[in-house]
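Input: a single structure, listed below in structure tokens.
Letters A, B and C mark the chains as written, and numbering starts fresh at 1 in each.
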Amino acid sequence: MPRTILEVKQKIEYLSILNDKAEVDKALEPKLTNEQLKHMYTYMLMARRADERFLNLQRQGRIGTFPQTTGHEAISMGASMALKKSDWHVPAYRELAGMLHRGWTLVDQLLLWAGYEQGQSPPNGVNDLPICVPIASQLLHAAGIGMAMNIKGDKHAVVTYLGDGATSEGDCHEAFNFAAVFKAPVVFVCNNNQWAISVPLSRQMGCETVAQKAIAYGMPGIRVDGNDVLAVYAAVHEAVERARAGGGPTLVECLTFRIVAHTTADDPKKYQKEETRKEWAAKEPLIRFAKYLRDKGILNDEVQKQIDAEIETTIRDAIAKMDEKIKTDELANPLYTFDYLYAEIPPFLQKQRDELAHYLGKDKESSSKQPNHAHAGSH
Amino acid sequence: MSTEFILPDLGEGIHEAEIISILVKEGETIKEDQPLMEVETDKAMVEIPSPVSGKVEKVHVKVGQVAKVGMVMFTFSGAGGASASGASAEKVKAKGEEKAQPETSARTAQAAPAKTASISQPSGNGKHPQKPSDTPVPATPATRRLAREHGIDIKLVNGSGPAGRILKEDIESFVKGGGRSPIKSPFGAPQKPFGGGKDSGPAEPFEMQTFGGQPVDLPDFSKYGEVERIPLRSIRRKIAQNMMQSWSHIPHVTHFDEADVTQLNESIKKYEKQVKEAGGRLTLTVMILKAIVSGLRRYPQFNSSLDEKTGEIVLKHYYNVGIAVATDRGLIVPVIRNVEQKSIIELAVELGDIAKKTREGKIELDRLQGGTFTITNIGAIGGVGMVPMVNFPEAAILGMAKATPKPVVRDGVIQIRTIMPVALSFDHRIADGAEAAYFVRHVADCLEYPMQLLLEG
Amino acid sequence: MAEMNMAKAINKALYEAMERDSRVVVLGEDVGQDEGVFRVTEGLWAKFGDKRVMDTPLAEAGIVGTSIGMAIYGLRPVCEIQFAGFDYFAYHQLESHAARFRNRTRGRLSVPMVMRAPSGGGIRALEHHSESREGTYAHTPGLKVVIPSGPRNARALLHAAIQDPDPVIYYEPKALYRLFKEEVPDEIEVMPLGQAKVVQEGKGITLISYGACMRATLEAAEMLEEEDGVKPEIIDLLSIVPLDMDTVCKSVQKTGRAVVISEEPRYCSVASEVSSQLNDTVFLYLEAPVRRVTGFDTPIPFFSKEKYYIPDAERVLMACRETLSF
């Protein structure tokens, strides 16, 4: 009975379309219109500028801790571009560009980081879950949504995100497994930025790539250049098409590097090498994408100026709107804390609400209830 | 308009930051988001951008200083409307204030009454100024509710339940009695023999204190007819215990005399209207109070206590006279303090007040304490005399029977005079019969010749 | 009207709910072809097929987490955790997400799902198969917790739980699955959540319990009446969250005495909560301290000694007597 070889019939592809020198592989170039390309660039840049501006707001004490997304724009932008409105988008928390594309506003984001639940309320008509902080836990929701699509016979797909750190979580395994077993139309987009706060990739896994894990679950896996928005789009697009056709889930690993701090409360100088960061910073997605667009004649100085002005206005308006909104009763009144836990407030909770109202000297207000759909952002 | 920039929490729960460098100078014009300084927290080194455009009026911090979150870092002038974001620095500051203010004001509002309450309790401007103690008395919540419904301070009620717990029955009989705590009383049984309610449960085993020995076995009374056994409860039990204490500790002697109150009664009739206008009722008892104090001043041994432990007689230089008041529940003895300092009108008013309150069960506890001598007047009921029992640990008690017109011999002539029998029981360890006779005679004289009292003031 | 045991009654409710609402799906370990290790999902797979009755991989977080996703997508998942002793594997999904989606999104997304699990001891099972941890869920804001005590209310409560717009933990006292039978009406009954039931009117003392402990409570009540002449008032809580304290308080205000009986460890338990709320509300009516007769603050012992841990009628009776003679 000699030892034999079991051949596992799967390979991991690596995909790069637009490299860091902004050279494009014409054969692989995805079919995106000039409009779409410009839209992608605008939203990626908006996410970038917002990120920078949010950092200042945090330093000024106007918003709280938040995770920066600079350098990660290509991943959620490319992935969300592959979705239709009827598909579902289940983010982790570094997907600002993608969320803006899906219909979330900067006001939502600002309110969330300023400590208001309203920022987590999905915009009307958008099939999204809000940002999820407990690592990998939302992957199961995405799997469940995918399973439900199958049960109902809906030909939609779900895109969800995870970091490299998330691959260590049990929920990640369970989500991959459930999705694979039930052939759920889910695309798991891994934002492999090689750092989970201060813990490097080598402490998260003993294997070489995240993508190869897909083999064990019986789903396709692919690694793409995470700073190449075209490659991300192409890979996710392919995966989404397969999912809709009943081909089940895919794992798309997007390799990048976290060139900013984990959150505003973090200082990467403690654990990252300056040179490595600089090296990766040169490869960040916007530089090459801008050059690509200029080469294609989509972008020039004048267009850039227009985009810059548009972004500046959007951000400025969003901040002003946040300042305005947090003063409204809807956001400022602590009594509304109680009103959304259950569909109907149970008596014991009403009592506690009354207790707080009494403490605040707002006894009269206690019986009032917020309208059930209190989405903060306007669209 | 100048605005201030305070150090925000830069991480999650950061409280302070070291100033590494300051990147602007006083007088410098700056733009919103222009770096102001670099600071280092426990978590990270960060650059702080300006929230406003304007002029740096003042830099409040120095390089190397450790600044606390909430400290003013910079003052800007001319800041405001021009700011790119539309958010002026005032807002930045206002936000900080907003955070603190409602909290503070709400807290103060909540805390204030509580504080007042905690101060007022010991100082005692409440209904019951002096509590028996600050520690709670044992009672179930349901019993407390009953006490509360009757407006009674439960601490005034004696408990007859396990480990001294106050029972519902205790509250009920307390209320029925209209009185207060079962104070040691010199008297025997009141009208109603026992305080226990009909629905009372089994009584605690009660060991009666007896004269050196075990409780005596009783014959089986039921052999001779139907009997009912009623437990000694609450105030009745307390009276029994107090009487036993008085009886067993004080060697009693009683001295009898009579007081001719004919003239006094006439004087009372003459002045009662005046006293009534002042809100009191002029009675023999009021006059007796004055007479007693006059007597006690002369014979202080009757205003004392014997300290058995030290072998000393404790003379009291104040005259607090207890008056036995019969209530439904048993005998209660409220005390008029410092009788010597009060006018007849004042005493009349106070006596009326305490008697009423005692009957209604509203008497304050401190007015049941601190007596130095007790008087008891059964005159309203009748009788020709009695042997009162000393209100332990006092030294003496004066009892008065009904004042009635009697034929008496005055200057060899039989006259009809109003005569009141009086009896003084006293602690023979402290005083002797002769002193008692002098004392009682003096009191009787004061009643017969009220002028005596006027002389003494 | 048919007589059936509790396992059958729960099964009936599942069947009825799936039949009348195509959004209702059942998932869990061995719930399909095997029809559940306690046979509670009997006949469902055969009737409703693979899509709506899903045997899942062996992963509790996966079962609950995907149920959350399904619920958000518009289904009404009823997932089964094979034993309550294993639902901690999914606790983070319930606490961090099921209980919070509505609140987090200010009412935009909700999670109408039911997690069923057989709970409690008394069936001589292995370690981890006898726990009663309803207190843990009751302590988790945003969840509802329901525990039936017999076939009829089990069916009526499960219907309510499935129809509820919020996540419901439905604990099935496994000791009762086949302990006794009850008449269950043919037409569907729905018993609103958050309503306790006065099972017996009485005087002098109120016994408050739920789930499997209702048996010991009823037995103790009978002994109390027979031996001591005291007919206690008895309340079956049925819903742990929301807790119907109005019914409980009304009764205790009348009787002045209360004993709360439950199988879970005492510390921070449902019994403690009931006791505490009685203090808040009817303090001035209490003739005696509120007693808790519960499991102890140890893990439930291996089954050789579980009977000393689970409150029995004698223990309840002793507490009643001590409370009455306080």
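Simple rule for what comes next: a contact is a pair of C-beta atoms (placed from the backbone, for glycine too) under 8 Å apart; a residue touches a chain by one contact, two chains touch by 3 or more.
Everything numeric here is computed off the predicted structure, so don't read it as measured data.
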Central subunit by CA centre of mass proxy: C
Between A-B and A-C, the pair with more C-beta contacts: A-C
Chain separated most widely from chain C, comparing mean CA positions: B
Where chain B and chain C are represented by their mean Cα positions, the distance between them in whole Å: 52
Distance between chain centroids, defined by C-alpha means - chain A, chain C (Å): 39
Centre-of-Cα separation between chain B and chain A, whole angstrom: 70
Residues of chain C touching chain B in the complex: 256, 283-288, 326
Residue numbers on chain B that touch chain A, as the complex places them: 5-12, 14, 33, 43-51, 84-87, 91-92, 95-96, 102, 106, 109-110
Residues on chain A engaged by chain C in the complex (per definition of touch): 88, 117-118, 120-122, 129-130, 134, 137-152, 170-171, 174-175, 177-178, 181-182, 339-343, 346-349, 370, 372-376
Residues on chain A engaged by chain B in the complex (per definition of touch): 53, 56, 58-62, 64-65, 261, 264-267, 269, 316, 319-320, 323, 359-361
For the chain B and chain C complex, residues of the former touching the latter: 140-145, 148
